[in-house]
Amino acid sequence: VTVAADMVRTYSTDLCSIDQARLSACVEACLACAQACTACADACLSEDSATGPATWVRTKLDCADICVATAQVLSRHNGYDTNATRALLEACVRICKRCADECERHASTHAHCRVCAEQCRRCEQACRDLLIHL
Amino acid sequence: VTVAADMVRTYSTDLCSIDQARLSACVEACLACAQACTACADACLSEDSATGPATWVRTKLDCADICVATAQVLSRHNGYDTNATRALLEACVRICKRCADECERHASTHAHCRVCAEQCRRCEQACRDLLIHL
Amino acid sequence: VTVAADMVRTYSTDLCSIDQARLSACVEACLACAQACTACADACLSEDSATGPATWVRTKLDCADICVATAQVLSRHNGYDTNATRALLEACVRICKRCADECERHASTHAHCRVCAEQCRRCEQACRDLLIHL
Amino acid sequence: VTVAADMVRTYSTDLCSIDQARLSACVEACLACAQACTACADACLSEDSATGPATWVRTKLDCADICVATAQVLSRHNGYDTNATRALLEACVRICKRCADECERHASTHAHCRVCAEQCRRCEQACRDLLIHL
């Protein structure tokens, strides 16, 4: 049982229309993904690859920012603006997918990219699941 | 001339496809809107209205989070993921519109809501302008 | 095993001087605390208490912002600015302590305040532990 | 007149003890600095320097995170936790100073580093000014 799930269970004024398990799974996935992306960007900056990891680093930083915002908005369980939340989840799906695609290509050489790719893929899926049931 | 405009002008690897003036106007508008929403939520918490400002406060907090993320992602001018950026701008338009609509209803009684409504409306418009030209 | 711990283990250019277990415990505690504070602030906004929860809500929002920043800075394991990190951890200890103190007073009546108080106390302790070993 | 100054003027329950001009100047400086650091980190990632800008980029990312959190906390004008705010301002002074020191060394070759250094120095000073009068 996670903290997000605990918090969802302790109050629910108008949560009736949202799937509680999917909601807390998505919050957790966003936070774990933000953390993995921030750490992976930092690790990539330390690799001495000639080609330079500029684009991947940028994608990871964008992914971290969008995941944090999504986790925060989803953590306010009451009184959703469904339109804004839906668009934000779409943004999160897209950046997580791109970040996972890029990280997977480096997963065999960089362990941090492997961990990051897993978290991005998990977050992409959690956002898709919530979008379908929103 | 703003800092965001200054930064946009100092580098532009593949900015060719983006309108620089609209980009920096949007970044500025997002930051000003985030600040106004955070301060307005705080001010609303201090009003002793019987009806309670719960929903408006929540909308303002969501708006601040989404505006900060949008400003950050737009501030990385290079190598955009256009799909994710577009969805994020959509989320920003929607939450700014809702926040402006709510704040305008209290603009005559609360000066902080009037300032906040103006910034939300300006940010909504700046995001729409950028979306069209992205 | 958490994602933060996984990421710490996958790279360590100049991590030699930092305790890896304490570092990842602190990152996790900050993220869980930020989430709990955001959700608890939202839940408090929905309670119809005559006295109004303005101050507690504000403290929780501050706590969430400081915890997110701390988690992000700590997630960049390499090349610490020890002075800035130390001051940030101090800020985190202080706001978590204040938030825990306030939440504990409402823990018997509001389940969300009980969960939030636990996470704030855990985060306060994790930051103190890391500060001693930094 | 800035938005932050406008918001400070529109409400002030217990602002009596804080210098309003210094408060809004500090909020503005933090937001401008966060934006400059985010954009400058992105620009640095695009430079093909053999030595690699890993450490500077990291410092700029830390600086952006701490500046955003400081702007948010300061934007909640009421009911300050002075201890936490003071420590957060200290963290902001330290990271802005370090970031300015690093950026100034590259100001002659990179225009984005020059703009970023100016904003970091301005933010460092604004935080110091507020700390003295808190």
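We just call them A, B, C and D in the order they show up, numbering each chain from 1.
Definition applied: a contact is a pair of C-beta atoms (placed from the backbone, for glycine too) under 8 Å apart; a residue touches a chain by one contact, two chains touch by 3 or more.
This one's a predicted model, so the numbers in the text were calculated from it and none came from an experiment.
Trainee: Which one of the chains is farthest from chain A, going by Cα centres?
Mentor: D
Trainee: Between B-D and B-C, which chain pair is linked by the larger number of C-beta contacts?
Mentor: B-D
Trainee: Per the centroid of Cα atoms for each chain, what is the distance between chain B and chain C, given in Å?
Mentor: Each chain reduced to its C-alpha mean, chain B and chain C end up 27 Å apart.
Trainee: Taking the mean of the CA coordinates per chain, how far is chain B from chain D in Å?
Mentor: One centre to the other, that is 19 Å.
Trainee: On chain D, where are the residues touching two or more other chains?
Mentor: 42, 45-46, 54, 58, 61, 68, 72, 76, 78
Trainee: Please name which positions on chain D make contact with chain B in the complex.
Mentor: Answer in residue numbers: 3-4, 6-8, 10-11, 13, 27, 31-32, 34-36, 38-40, 42-43, 45-46, 64, 68, 71-72, 75-78, 110-112, 114-116, 119.
Trainee: Which stretch or stretches of chain A touch chain D in the complex?
Mentor: Of all residues in chain A, those touching chain D are 41-42, 45-46, 48, 52, 54, 57-58, 61.
Trainee: Can you name the residues of chain A that touch chain B in the complex?
Mentor: Touching chain B: residues 54-55, 58-59, 61-62, 65-66, 68-69, 72-73, 76, 78-79, 81, 83-85, 87-88, 90-91, 94-95, 98 of chain A.
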